[in-house]
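Chains here go by letter, A, B, C and D, matching the order in which they are written, and residues are numbered from 1 within each.
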Amino acid sequence: MNDALTRAWRASRPACSGGTVASYIPALAGADPSALGVAAVDAEGRVYEVGDARRRFTIQSISKVLSLAYVMTELGEEAVFSRVGKEPTGDPFNSIIRLETSAGRKPFNPLINAGAIVVSSLMPGDCPADKGERFRSYVGGLVGRPVVERDEEVYLSEKETAARNRSIAWFLKELGLLEGGVEDALDVYFRQCAVSMDAVDLARVGAILAMDGIDPVRGSRAMAARTARVCKSLMVTCGMYDGSGEFAVDVGVPAKSGVGGGIMAAVRDRLGLGVYGPALDERGNSAGGLAALRALSDELDLRVL
Amino acid sequence: MNDALTRAWRASRPACSGGTVASYIPALAGADPSALGVAAVDAEGRVYEVGDARRRFTIQSISKVLSLAYVMTELGEEAVFSRVGKEPTGDPFNSIIRLETSAGRKPFNPLINAGAIVVSSLMPGDCPADKGERFRSYVGGLVGRPVVERDEEVYLSEKETAARNRSIAWFLKELGLLEGGVEDALDVYFRQCAVSMDAVDLARVGAILAMDGIDPVRGSRAMAARTARVCKSLMVTCGMYDGSGEFAVDVGVPAKSGVGGGIMAAVRDRLGLGVYGPALDERGNSAGGLAALRALSDELDLRVL
Amino acid sequence: MNDALTRAWRASRPACSGGTVASYIPALAGADPSALGVAAVDAEGRVYEVGDARRRFTIQSISKVLSLAYVMTELGEEAVFSRVGKEPTGDPFNSIIRLETSAGRKPFNPLINAGAIVVSSLMPGDCPADKGERFRSYVGGLVGRPVVERDEEVYLSEKETAARNRSIAWFLKELGLLEGGVEDALDVYFRQCAVSMDAVDLARVGAILAMDGIDPVRGSRAMAARTARVCKSLMVTCGMYDGSGEFAVDVGVPAKSGVGGGIMAAVRDRLGLGVYGPALDERGNSAGGLAALRALSDELDLRVL
Amino acid sequence: MNDALTRAWRASRPACSGGTVASYIPALAGADPSALGVAAVDAEGRVYEVGDARRRFTIQSISKVLSLAYVMTELGEEAVFSRVGKEPTGDPFNSIIRLETSAGRKPFNPLINAGAIVVSSLMPGDCPADKGERFRSYVGGLVGRPVVERDEEVYLSEKETAARNRSIAWFLKELGLLEGGVEDALDVYFRQCAVSMDAVDLARVGAILAMDGIDPVRGSRAMAARTARVCKSLMVTCGMYDGSGEFAVDVGVPAKSGVGGGIMAAVRDRLGLGVYGPALDERGNSAGGLAALRALSDELDLRVL
């Protein structure tokens, strides 16, 4: 396994130079485009890593899976899916148009911004800061730390430049889909996006999803099986932005990416995977990370499809 | 396995009464709403069946997977995917709107009508009749018969009442995506939709997809591995109409349904499944078939996600 | 003329009972649904009035014409129309969808909410309060008072319940179309909508538009001819919400309505008209006011089309 | 008047060189881009002309006004407007998207292709040829000839290359909005578009519209007043494609253009105008014709808005 990881890592490093680091906020623009880390956690809880697998980055859209798992755990499936659908959409992740035109008038799924903001608004807590802290404790619990950190600069910077997300959130308010205030929901959302983790962390969460909720590192249940399945199903249909269909063909496993450069994947009964490579392709997915997952899938026959 | 199938079949029969038979053409409206058949083919090529698994029905949208496999086999992946995308869409299967508004101006994927009509237009042959015949030979080859039949009444009837599909096809023509004439492409499309198979047939094709192209019944390659993977990936993201996301959560395997009442599923390395139950739910998926697949997935732990 | 007005008023009073008062905010819901006032100012500056022509109401969307005239006067045509189009749209007045999908990515015209908010953001002044005050002075100047009033309750109430408009405004911000802050632009917009006038006031402004900028009451120029023409052109193509086309057929003069119950119309070289009737039809236009304008157009042959 | 026409013609000739002749079919591509003709018919029925006012061209979209008048005359207003709306739309003339998404599911108005095809399908007659002939007799009656001609080459050529219009027509069929067969409706539509007239003819029809149905040349009623008004209202809100709003601002009279290079305008109680100049601007309106109408409107103060 170590060899496979190393080979995939080595073969994928050149792909990093084909991508570019996210630059919509300064805090992300400073990332090292040549960085590449790959980590895996297997069904026995063994951890494998290579390259920059311990470098921290903000998880961004990957947090949408974690907040979904968290809110499903706290409030149940119905609380989420009475307000958000489960279907994929061909629209961009930050589209607002379907909220206006679709019959159901609810976001298509929790992995697009509109759906994720609804989920954020449901988190328990007294105020955005409290909600954000509880969420970080929850995620910390998954990866074996009391709490995961937040990148304060990224959080503040995204909070400041989020006109499109504000537009979406006010539309959700109009539709009656938000719990509480608009700015509060957005604040929670920006907090969760700015959570800072590394590839090994992602591989640990990926392994919990892969094992239908059992944490193979500690050998105990970390999440309801149904919650893990909902997360993986959404990841396979809409986890990789506009490249979800192509990723399903080429790699064939449930995965979720973020513009911070991370990708988390879950191979049923076998592996959790985490990759980090901040140079992104034109769809916002880690260029090096995609290459590494493709190589690993081929070498280890990881495809579930 | 026989027991599992029988239990699932028995448990799912009541679900049939919650659905209604397709009635947009008379030839479909006559189906027996209480019919339910379930078939499976395992990795050793053993065939299991229960109920109405040998009753023939028109495969309708399931043909979209078969025509995709056929055209990929004949012309290669690029020939198809230069004209059609691989991404899921939140639009209805018969929507035309994205052809007008999406940047790429090509159908989102080969499993919506627009994409499937493009694929049909690519089939080799001298004329629609010849193309349709060759397609039926190809499918026959997959299921161990010289040729599969076509339901003439359904074919003629759909050909007559297809205003929406004609509108889509002319739009595709305008976009330069159709090979040859519009009526010819539609004729081929109606021919493929009216192909008549049974649940055992579907299970056999499902098994070939499950085994990445190896036919477990004959023990030889029936399809390129890549072709099988492309089909399964599209099935998991968009095989069950507007219920694809929910099906991925509840059942968790690649599957494709048709309004004739069939569903074909493929469980990697393990099973091909075919079900028949013409009573449809409000999304156009077999009500009894869905119930049977859900029951089987739970009992045999078929989920790949 | 007095007779014509009285006859139209009398004939239209029953139409009021076919409409319902706007109820999205309490301050509007209290209006008297049977109220109906009609006023006219002719080319010699003579004022005619009947019924509730001196009852004040908030001008709401009629303010979109006044703010357009004001900003064109202060900053010129280019300042507005580099950010907003001049074309009608079949979308509802509060639609956001075209901002996402239209090629130009700017609001279709200044009489839909999105366009009007852009215009509001352009008003000169130090802060929303100052901008609002200057605007009221400008309108006061048109109707012969130092300033027109603002209905404080309506202003505060709309400011509080404006999720949809906030969504639109943040989208405009994202597109780079707003001068200054989003909440400031909205504040100005809510202030202008809550300006309080009566039917005679509207007739006076209508007369200025009718005379291509000359105020027939005072015999002096009140507005550039080009500004008046731009306003009238937009009124004829999109002044009456989704009923603009039908109004052009039935009445045939440029007009602008508001959900406060007012309608302002301008008949070239002949008349300005103002009506008030808070009972609205299903499109948001004054039911009694429409009837009165239809009757007057027939009786006085006001059609310009 | 002759002097005004000549001055406008002379001033507008350079504008022709800023446009390009329609080239989607060969029969149009051969037109002389420098041709420019202007004609007017006044309230006394006097005819004025300058330049290429007697050169024939196909009226294309201008026929949409004539077929509307014809079908309203034959079948009444309700027969048309139960199937087509009266509202302007911000969509391109050949858009299909609103048929799928708009609540009413009927074309916005008779001047976009979808609406015009519905109107064509309503024409009385035994077959397309008969319907086309009757229509040409009707138009001939308006301009003082037994019949107007049809350009056979243009007709056949458009009939052959009309994928987009076929797509629209099949969608209309699906919505139940077409009388009779799809190809028949299209055949009638292509026949009417290929009707061949000159600028003087257009001025004569424009004059009838201007006089609310009275033909000033013969001094007798040629059309119901209501029919003329409906036509003019639609012309002012949507007669000039995506430039309708701007035209209303700049010229301020109801007008309808066609890609053959013609524009027909109607100035209430004063004038009918016809212009011909096949060099088109980027919106498909005659470049020289627009310039001429702008110049005439300024010089003769034709604005009705």
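Brief remarks on what is shown
Note that in this section contacts are C-beta pairs under 8 Å (C-beta built on N, C-alpha and C of every residue); 3 or more make two chains touch, one makes a residue touch a chain.
These numbers were taken from a predicted model, which means no experiment stands behind them.
Any chain that touches chain B and also touches chain C is listed here: A, D. Legend: contact pairs of B-D compared by residue number with A-C, C-D or A-B; the interface matching in over half of them is A-C. Interface note: chain A and chain C, two copies of one sequence, contact each other through mostly matching residue numbers (shared numbers exceed half of all numbers used). Between the CA-based centres of chain C and chain D the separation comes to 32 Å, rounded to the whole angstrom.
Put simply, the C-alpha centre of chain A and that of chain D have 56 angstrom between them.
Averaged Cα coordinates give chain A a centre that lies 48 Å from the centre of chain C. Multi-chain contact residues of chain C (touching two or more other chains): 101. Contacting chain pairs (ordered by label): A-B, A-C, B-D, C-D. Contact residues on chain D toward chain C in their complex (touch as defined above): 85-91, 98, 102, 108-109, 229-230, 232-234, 236-238, 242-246, 248-249, 252, 254, 268, 303-305.
Considering their complex, residues 95-97, 100-101, 163-164, 166-171, 173-174, 182 of chain A touch chain C.
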